[in-house]
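Below are two complexes that have subunit A in common, paired first with subunit B and then with subunit C.
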Partner chain A sequence: MNQWLFVLLALVIVSAAVLAVTLRNLIHSVLSLIVVFLGTAAVYVGLEAPFIAAVQVLIYVGAIAILLLFALMLVRAKMGQPTPHVTGSWWLGFILASALFVILAAAAFGIDRPAPPAADVPDVAALGTDLLRQWVMPFEAASLLLTAAMIGAIAVAIELRRQSRRSAP
Partner chain B sequence: MSMDNVWIAIKQAAVGAARDVLYPLLDPVLPAWITPERLMMFASAVISVVSILVIVPLVMMYLTWAERKVVGRMQNRFGPNRVGWFGLLQPIADAVKMLTKEDIVPARGDRFVHLMAPVLILVPTLLVYAVIPFGEGMIAADLDIGVLYFLALSSVTTLAVFMAGWASRNKYSFLGGMRAVAQMVSYEIPLVIAAVVVVMRVGSLSTVAIVEAQAGLFGWFVFQPWGLFAFLIFLAAMTAEANRSPFDLPEGESELVAGFHTEYSGMKFGMFYLAEYFSALAQCFLAATLFFGGWKGPLLPGWIWIFLKTFVLVFVLFLFRGTFPRVRVDQLMGFTWKFLLPLALTTVFVAGLTYYLPPVPGWIVGAVLLTGTFFVLMLPNRRVTLVRRACRLEN
Partner chain C sequence: MTATPLSWILLLSAAMFAIGLFGALSRKSAIGVLIAIEIMLNAANINLIAFWRYLHMPSLTGQMFVLFSITVAGAEVALGLAIIIAVYRHMRTIHVDEITELKG
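Entry: the complex of A and B
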């Protein structure tokens, strides 16, 4: 990947990330978070991992960002109202974020990085074969977890609906 | 010499010119990292991009004209017939009108997001044309992940629709935007699964490989039971994904003025209009590629075949618009979650099962299983609608 291209993308990503946490309007924050997602996808393209890039756009921009926006719409009835930056539990978030930063920084600088394997970019077919042969157990565990979450969500929704029906008439 | 070869010849000529003429000419002023290979790649990309940017809007212009003509005929009208022969200059008149109209931004709206929404909706709808094979070798980028690239980029438009609805600060826009997002997110699932059926049978995500797998007289996937059902699911989901009638609730005039683009005027509205047609056309191209063998066909050159197939699908969309009444919101969601999604999952199962059976018994087993599922799924869905209607009548 071209170094200057990376610097440019990194600038875009970092400034969008800073905007995401500093903007007063929550919708604007989510929109700048989406810029971060798209920038990361562009970095993946530059690293010759187009599959990961496409999945990043499909999952993060197409699903998670929409989910965030929906959640905001449901929680905040008033559109576009600026919200306070700091909540009561800011120190907890600060500690967790700094701990994560320290761990990641230690991991990134602590190890001696091996040279990346040259010209061995796995294509999508190899990725799929590996996922469904060698790593099939984690794959199935993840799908089981998702199914359980889905059934749980439906169960909660049914319970809520029953309650609202009982109280309605 | 067929047209396919003409386009490839143009491309090769441009690449050759970049290497033999442009490079020696510019070599003294260019920085060192621009090698002849990079310049050739650039020239080839420019030719592809320019062809897409010329052909797609041109086709779109006349799609609007054709739609108005077809729907007009179905409603016993003439459609546009004042500007030029048969109204053929109507799209140009419309474009001039769009460009000269006043651009209005709601006073309390969000100016920046309001501006970005039409831009963000147009970019991905044009980018997806990169993976559509218009003929043998006539593809801008034969990506390893073609189908996935298409689906990923078309999911970005949902976001733009939300932005448009939210930034307008208008309750009709907002409701339209929310409806559009809910609808597009729901219909994306059967759409993706229907495409996955084909990907699973071919064993590749590349659109070129998918077309190559459909050779022969009855090689098109639509002639297989799983292919036919996947195509029908794809057609329904793609109509909803492009917000076209009968699934055009996000812009239902009778209840929401014009939905998410109520507060847009002039060319910004024009960009939403463009994006709707671009994405409908792109989805039809993808359907022709996935299920109708893309450029494959006897006698005629490939590019004519894929355009013919696509226009037949587009015509089907026009027929939908002219004949079906708009569905209700609960019907819309019930249709995708209770009918399309289970049917799509069954299609995946049948496609996997028949892969391991010999062709003829596999065809029969697949047809029986899928038709059975279709009717079984119709029963509960029908009962729900009937019971609701009965309840309403009692009340």
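Entry: the complex of A and C
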């Protein structure tokens, strides 16, 4: 895989990201967010992390994007007169983001180093072994976090539905 | 893709992060803000994988960080969307500049 393929991929990712944060229709924004996720997965494949790429496609494209689409359809804003889709002070955000990009880009130059040969890349079996040996405590903490987040999400949604039904006219 | 200089990958990630920051600061809809935050998280993950591939090869620490980051992102989106739906039921809007109940 050569570097011009990476440039092409980067252009696709950046333009899809720009569309995702500027499009007026949020459904279209989520669709171009999916392009960003898939492009990121392709970058992972190029960097010899195929398992992370598979996880990226499964969780980001398969779960998070679908969840965003469902939430969008649940909170469909009323179809009145079109309101601006950005806040009044968007230019402040633009200045801040541009300044951050300039700082990060200046920091990115000058740290180029040759990559180790691809033969040294550990395979997925090594990843699994490490996960259940060296990283077993974070692994268990992650399972606890996911359980807590799931219960919390259900609790937040259910409690308010009951309240709004009681206060409904 | 290892013929690619490391700084190019960092440049892509910096651009993604800046775009995400702009979206998070400028979007009116709370779901739009969440979309922008996802772009920023992906930029950070690309950085982690790039540094792992170029500088920390024998160990798997970079991949582990990305795995846990994706886990936390999943939890964050589930909770964030639940809160957005709860706010929508209360106030009939998800525009972040109209939700001013806590403003002093």
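Going forward, the second predicted complex is superposed on the first by the 112 of 169 C-alpha atoms of A that agree within 3 Å, B and C clash if a C-alpha of one lies under 4 Å from a C-alpha of the other, contacts with A are read in each partner's own complex, and residues count from 1 in each chain.
Methods note: a residue touches a chain if its C-beta (ideal position, glycine included) is under 8 Å from a C-beta of that chain, and two chains touch if they have at least 3 such contacts.
Given the structure is predicted, the values throughout are model-derived calculations rather than measurements.
Trainee: For A:Leu8, select first, second, both or neither according to whether it touches subunit B, subunit C, the two together, or no partner.
Mentor: A:Leu8 contacts neither subunit B nor subunit C.
Trainee: Please indicate which partner A:Gly46 is in contact with in the superposed arrangement: first for subunit B, second for subunit C, both, or neither.
Mentor: The second partner, subunit C, only.
Trainee: Answer with first, second, both or neither: which of subunit B and subunit C does A:Leu145 touch in the superposed model?
Mentor: Only subunit C is touched by A:Leu145; subunit B is not.
Trainee: What is the contact status of A:Ala105 with respect to subunit B (first) and subunit C (second): first, second, both, or neither?
Mentor: second
Trainee: State whether A:Val55 touches subunit B only (first), subunit C only (second), both chains, or neither.
Mentor: A:Val55 sits against subunit B and subunit C alike.
Trainee: Counting touched residues of subunit A, say whether subunit B or subunit C comes out ahead.
Mentor: C
Trainee: Examine A:Ser29 and indicate which partner it touches, taking first as subunit B and second as subunit C; both and neither are also allowed.
Mentor: A:Ser29 contacts subunit C only, not subunit B.
Trainee: Does the superposition put A:Gly93 against subunit B (first), subunit C (second), both, or neither?
Mentor: A:Gly93 sits against subunit C, while subunit B stays out of touch.
Trainee: According to the stated criteria, A:Ala63 is in contact with first (subunit B), second (subunit C), both, or neither; which is it?
Mentor: After superposing on A, A:Ala63 lies in contact with both subunit B and subunit C.
Trainee: Which subunit A residues are contacted by subunit C in one complex and by subunit B in the other?
Mentor: The answer is residues 51, 55, 63, 70 of subunit A.
Trainee: What part of subunit B is in contact with subunit A in the complex they form?
Mentor: Touch list, subunit B to subunit A: 110, 113, 143-145, 148-149, 151-153, 155-156, 158-159, 162-163, 166, 169, 174, 178, 181, 185, 188, 203-205.
Trainee: Residues of subunit A touching subunit B in their complex?
Mentor: 27-28, 31, 34, 50-51, 54-55, 57-58, 61-63, 65-66, 69-70, 73, 79-80, 123-125
Trainee: Tell me, which parts of subunit C touch subunit A in their complex?
Mentor: Against subunit A, the touching part of subunit C is residues 1-12, 14-29, 31-32, 34-36, 38-39, 42, 45-46, 49-50, 52-55, 57-58, 60, 63-64, 66-68, 70-79, 81-86, 88-90, 93-97.
Trainee: Considering only the defined contacts, which subunit A positions touch subunit C in the complex?
Mentor: My answer: residues 1-3, 5-7, 10, 13-14, 17-18, 20-22, 26, 29-30, 33, 36-37, 40, 43-44, 46-49, 51-52, 55-56, 59-60, 63-64, 67-68, 70-72, 74-75, 77, 83-90, 92-94, 96-98, 100-101, 104-105, 108-113, 115-116, 118, 120-122, 126-127, 130-131, 135, 138, 142, 145-146, 148-150, 152-154, 156-157, 159-161, 164.
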